[in-house]
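Note that the chains are named A, B, C, D and E in the order they appear, and that numbering of residues resets to 1 at the start of each chain.
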Amino acid sequence: MFLKDYFVTIYKSVGSLLKGMKVTGYYFTHPKEIQTQEYPDNRATLQMFDRFKGEVVMPHDENNEHRCTGCQACEIACPNGTIKIITKQELQPDGKKKKAIDTFVYHLELCTMCNMCVTACPSDAIKMAQTFEHSVYDKRQLKKVLNAPGSKLMEGVE
Amino acid sequence: MALFLTISFSSIATGIHTWLAGTMQNEMLVKITEMAIAGISLLLFLVPLCFFLGYMERKVAAFMQIRLGPNRVGPKGSLQIVADTIKLLLKEGLTPTASDKFLFNLAPMIVVVTSMLVMAPIAFAKDFQIWDLSIGVLYVSSVSSIAVIGILMAGWSSYNKYSLLGAMRSGAQIVSYELSVGLSLISIVILTGSLRMSDIVMSQENGWWIFKGHIPVLISFVIFVIASTAEINRAPFDLAEAEQELTAGFHTEYSGMKFAMFLLAEYINLFVVSAIGATLFLGGWMPFHIGHWEAFNHIMDFIPSSLWFFGKTFAIIFIIMQFRWTFPRLRVDQLLTLEWKYLLPISMVNVLFVTVMAIMGWHF
Amino acid sequence: MAETEKMIFPAQLHQTADGGIVVSKLDDMINWARSNSLWPLVFGTSCCAIEMMSAADAKYDWSRFGFEVARATPRQADLIIVAGTIVMKMAPVLKRLYDQMPDPKYVIAMGACTISGGPFFYNTYSVVKGVDHVIPVDVYIPGCPPRPEALLHAMITLQEKIKHETYFGKAKTEEGK
Amino acid sequence: MTNEEIKTAVSALFPSVTYDETGEFLTLLITPAEIRSVMKALRYNTEFSFDYMFCLTCIDWKTHFMMVYHLLSKTHRHNIVVKAKIADVNKPEIETLCDIWQTANFHEREVYDLFGIRFLNHPDLRRLLLDEGWDGYPLRKNYVDENMISL
Amino acid sequence: MSLLGEPELTEEGEFVINIGPQHPSTHGVLHLKVWLDGETIKKIQPHLGYIHRSIEKMSESLSYRNFIYATSRMDYLSAHINNQACALTVEKGLQIEAPPRAQAIRILMAELTRLSSHQLWWGCTGLDLGAVTPFFYAFRERELIMEIMEETCGARLTQNYSVPGGVMYDVHPNFQNRVKDVMKQVKSRFREYEEALTGNVIFEQRTKGVGYLSAEDAISFGCTGPTARASGVSCDIRKWFPYDGYDKLQFDEIIMTGGDSYTRYMVRMEEMKQSVAIIEQLIDNIPEGDFQAKTKMVIKLPKGEFYQRVETARGELGVYIVSDGAASPYRIKYRSPNFSNLSALSHMATGAKIGDLVAIMATIDLVIPDVDR
């Protein structure tokens, strides 16, 4: 009885081990199953999903105009102070002064890509870009100014 | 190429000897020079071999793990190990302040040297053997067990608790599994009646032992593969370095070149045990012969003997690598249970069967 | 980048009268070896560690670059990928690990937490505001957590940096720094 | 057991306990002095058998500390909250419960670490999350840390 | 590497090793001080706090919309479920309910999260026990789920998808097809998982009878999730206190009574199948309608206390918000499943071997940032 158990144990154990080796052996002999995407070589074809949150950008049109009114809704919505908006008073043609953005500072090094600023923005001035290759040697390069130099508010955006 | 491989290596050796004896009068000097030539050529052979084994291991692992493995350094990633080696050699070699410096530095050398020593009696091809000593099998099993001293030294001298635990595990492991390896080697010795490697190879002229010896030799072979995997500390028996438990086990404190030596030793060991397994059970360089099918045997003879040897060796290496990438690691008590409760009793009974078989002449 | 990526072996073929000989500069050789054999330390504290594991998996497979030999002991590692928040209690341990690594050693700061404290920059009492307060950092990857491809990009960026070093550790050109 | 039944049963044992039913769970307000007797009754009396303490925490109300224990009975499937008010802000102390529920051990250490409440008779009352030498108790409302940057 | 590297022999001849804070098997930065007798563990003392990020203190100064994002970083493998818990707590305070569509999406995402978390756990269990290859098989399927996440939520790990009142945006148009495809693949792989690891004799020996936890101890230690369910304790919040419409779904609470590592392993394996079942029930029946209820720009909870529990991949997560009527919580406490599960570790591992400690930690499935918060 003892001997029978002994050999049954051995038989079952060897069987289970061979089963495991069958799995690895199957993949070894089936190179079609290889999942690897070769990253730096597939950059041309690598497409992020359109909702992928890579970084916050402020789209400018061909006249170098953006849609940011400087309302600071995004700055308030941001949970960890990633966005700093410095505003200035701009003289309108009719003589009134109006708030406008001077610099839209975006700290990529702090950003957690939570999308709260984009949902908070009333004028769709900012959106999430699908870029992800942000590696730098110097941390200071991660502090970005999103409004292009000389850009101004698009007509009709309040 | 094939012509080069088939020409007798013994004639080359004889040629060198005659030439040396002619130029140098002193017999001692000749011997020393010959030893140096043998050593250097062994090294020249081992380093590329280890590069290849390292590359092979990574590729085998990668394909089993449905990925590509190294493919960016050199053609198909073949220079990956070269880069790793150059980097390791140029890395700062740290010796911990609290360690026993002499033993700490000696340990990797002992490990490498013992694993290289075992290469001596291996027949790489027809008539190509560094030292065909009359007690080949005994030599192999005794010298290979010296490696454990190196590992114990490494673990003890590192002054690190993980290293110590790893070394102690390794000690228990190698000492136990030595028995099974020995017993499975004995079964072939019984069948052959000789400890000499060349005799063992020649005895398989009309068929390898694994076919001639029926089930008992097959069992010996399986036990040999399992036990030798354990003896060279490879997964699933890599308790001495058990990364998840002991970070890196006995070589936790080793860096740079000294660590590279452990890696080198690991691959040499892998090759050596596979080569011995191939020699004893699969006929070494002996081509695949079936009884008296002369025509078939002649065709097989056309394949160079070194290819036969390396083919068989790498088949065993592949199996051992597949073990590594398939199985979970054993626990230390289970490791000893496996040896003392399963492998050892089975191999003892098996030796009995082999002996009966040899006496009765039931093998082919 | 494209040019150096293609470099198979840092050797130059110089034509001489009787055929070609291979000449290679020692620095190039060393940097080639070092940059292609970056063994990372198994070091991850939080979310970014999962993306680091993803970079090792079959889809991204950093073993293509030879990075897959992740070492558990700092003695054998070349690179720390600081993946995750470093807090005050962990900072001395990280420093110690860094000190235990043999030279040359490199550091990648992965993720917003590591670069600057990220989500935990404001109103926290225990988070180190940037791992560069503790150990020198070579490459920063923003993101929370960065994609595995971003980590691979950072590794390639680090390789670029290494390729511009001299044996004694100084950058050869301006762009390497 | 419904909340009403628990109330009657607890009142029969401990007349001094007051109740608060504004929240999701029935809340028992007790004094730190009687915490062990109340908790032992809640844990071991078969009619209550609150065998599972799923939350233990503390609230700093500036004038006092409020220990909050959330209890659940796996057999009767009822929840209650027990609150003990610690009036002494300078030297807050309360008896430990870690022999009644083993989970209290770590939770009490955490509360000690972050609020500075001493748990009397706790077997291993050390800081759990912060360094041994940490100055102050960060979750207290009056905690000041000059390294902390406010948004 | 250990923090205190020097060999340390106490007077009784004990051998003390420090596992962690950085160690391959601790899944993060946990420091375990282990007293050994040979290979046998005599005593374990966990030291926490190496990733204590003061999320509770930080949340006290954030608004009710904003504090949620930090919880993704607590139990990052159940990031969506953490967000859901916080959103539900705020909804409880506001006395609103997410629209049915949002609830269904949340459940789908939660179960996908649970599935991906268990897959990662399966791979890491193999890795911890020395089998490297399962890790890659597990991640193959996990990556598919990550793609679903990315397509709809825009992030792989820390989605920040649940907001008070519903979800941030509607699911991607491609969502249903993709989920169905992935579920088909995931289901077909379960058999392979079993062949590769479950049935393996070495694996069985490593886990069977290791790290026993009785039902009484599990309750007393406050263990929840698969850790407690393997000891025969019914504790699935989805069944006990259903939220977001889990009561309308058909699924089983997996309860086994072995109490050892192998049972914990099996519970998780079965839970993966249950998650697939839930997803398949729901994927074709996502109700039409809004994906977000109307909430005010600045959320203010009424004065009071709100407690919400959900079932994460590791057990019961409780969010306890004390509000004084202001725009940010007065006190917030996360009752994390890992914290309680970890407290049982020393009880389970005493008397085991070092190798067992790894198996026990792997099958409790610790996520250390959730312990430390």
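In this section, contacts are C-beta pairs under 8 Å (C-beta built on N, C-alpha and C of every residue); 3 or more make two chains touch, one makes a residue touch a chain.
Since we're looking at a predicted model, the values are computed, not measured.
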item: Chain D and chain C - chains in contact with each; value: E
item: Minimum number of chain-to-chain touching steps separating chain D from chain E; value: 1
item: Shortest path length from chain A to chain E (each step joins two touching chains); value: 1
item: Chain separated most widely from chain D, comparing mean CA positions; value: B
item: Centre-of-Cα separation between chain C and chain B, whole angstrom; value: 35
item: Where chain A and chain B are represented by their mean Cα positions, the distance between them in whole Å; value: 51
item: Geometric centre distance via CA averages, chain E-chain B, whole Å; value: 45
item: Centre-of-Cα separation between chain C and chain A, whole angstrom; value: 21
item: Sequence positions of chain B contacting 2 or more other chains; value: 64-68, 71, 243, 247, 252, 325-327
item: Chain D, residues touching no fewer than two other chains; value: 129-131, 138, 150-151
item: Multi-partner residues of chain A (each touching 2 or more other chains); value: 17, 20, 23-24, 34-36, 38, 79-81, 112-113
item: Complete list of chain pairs which touch one another; value: A-B, A-C, A-E, B-C, B-E, C-D, C-E, D-E
item: Complex contacts: residues of chain E adjacent to chain D; value: 48-49, 52, 54, 56-57, 61, 92, 217, 219-222, 224, 233-235, 240, 304-307, 309, 316, 318, 320, 322, 330-331, 333, 335, 339-340, 342-344, 347, 372
item: Contact footprint of chain B on chain A as seen in their complex; value: 10, 17, 20-21, 23-25, 27-28, 31, 33-36, 38
item: Chain A-facing residues of chain E, complex; value: 62, 65-67, 69-70, 133, 140, 143, 147, 150-155, 158, 160, 168-169, 172, 192, 195-197, 199-202, 204
item: Interface residues, chain B side, partner chain C - complex; value: 58, 62, 65-75, 77, 79-80, 82-88, 90-94, 243, 247-248, 251-256, 259
item: Contact footprint of chain C on chain A as seen in their complex; value: 34-40, 46, 54-55, 79-81, 107-113, 132-139, 142
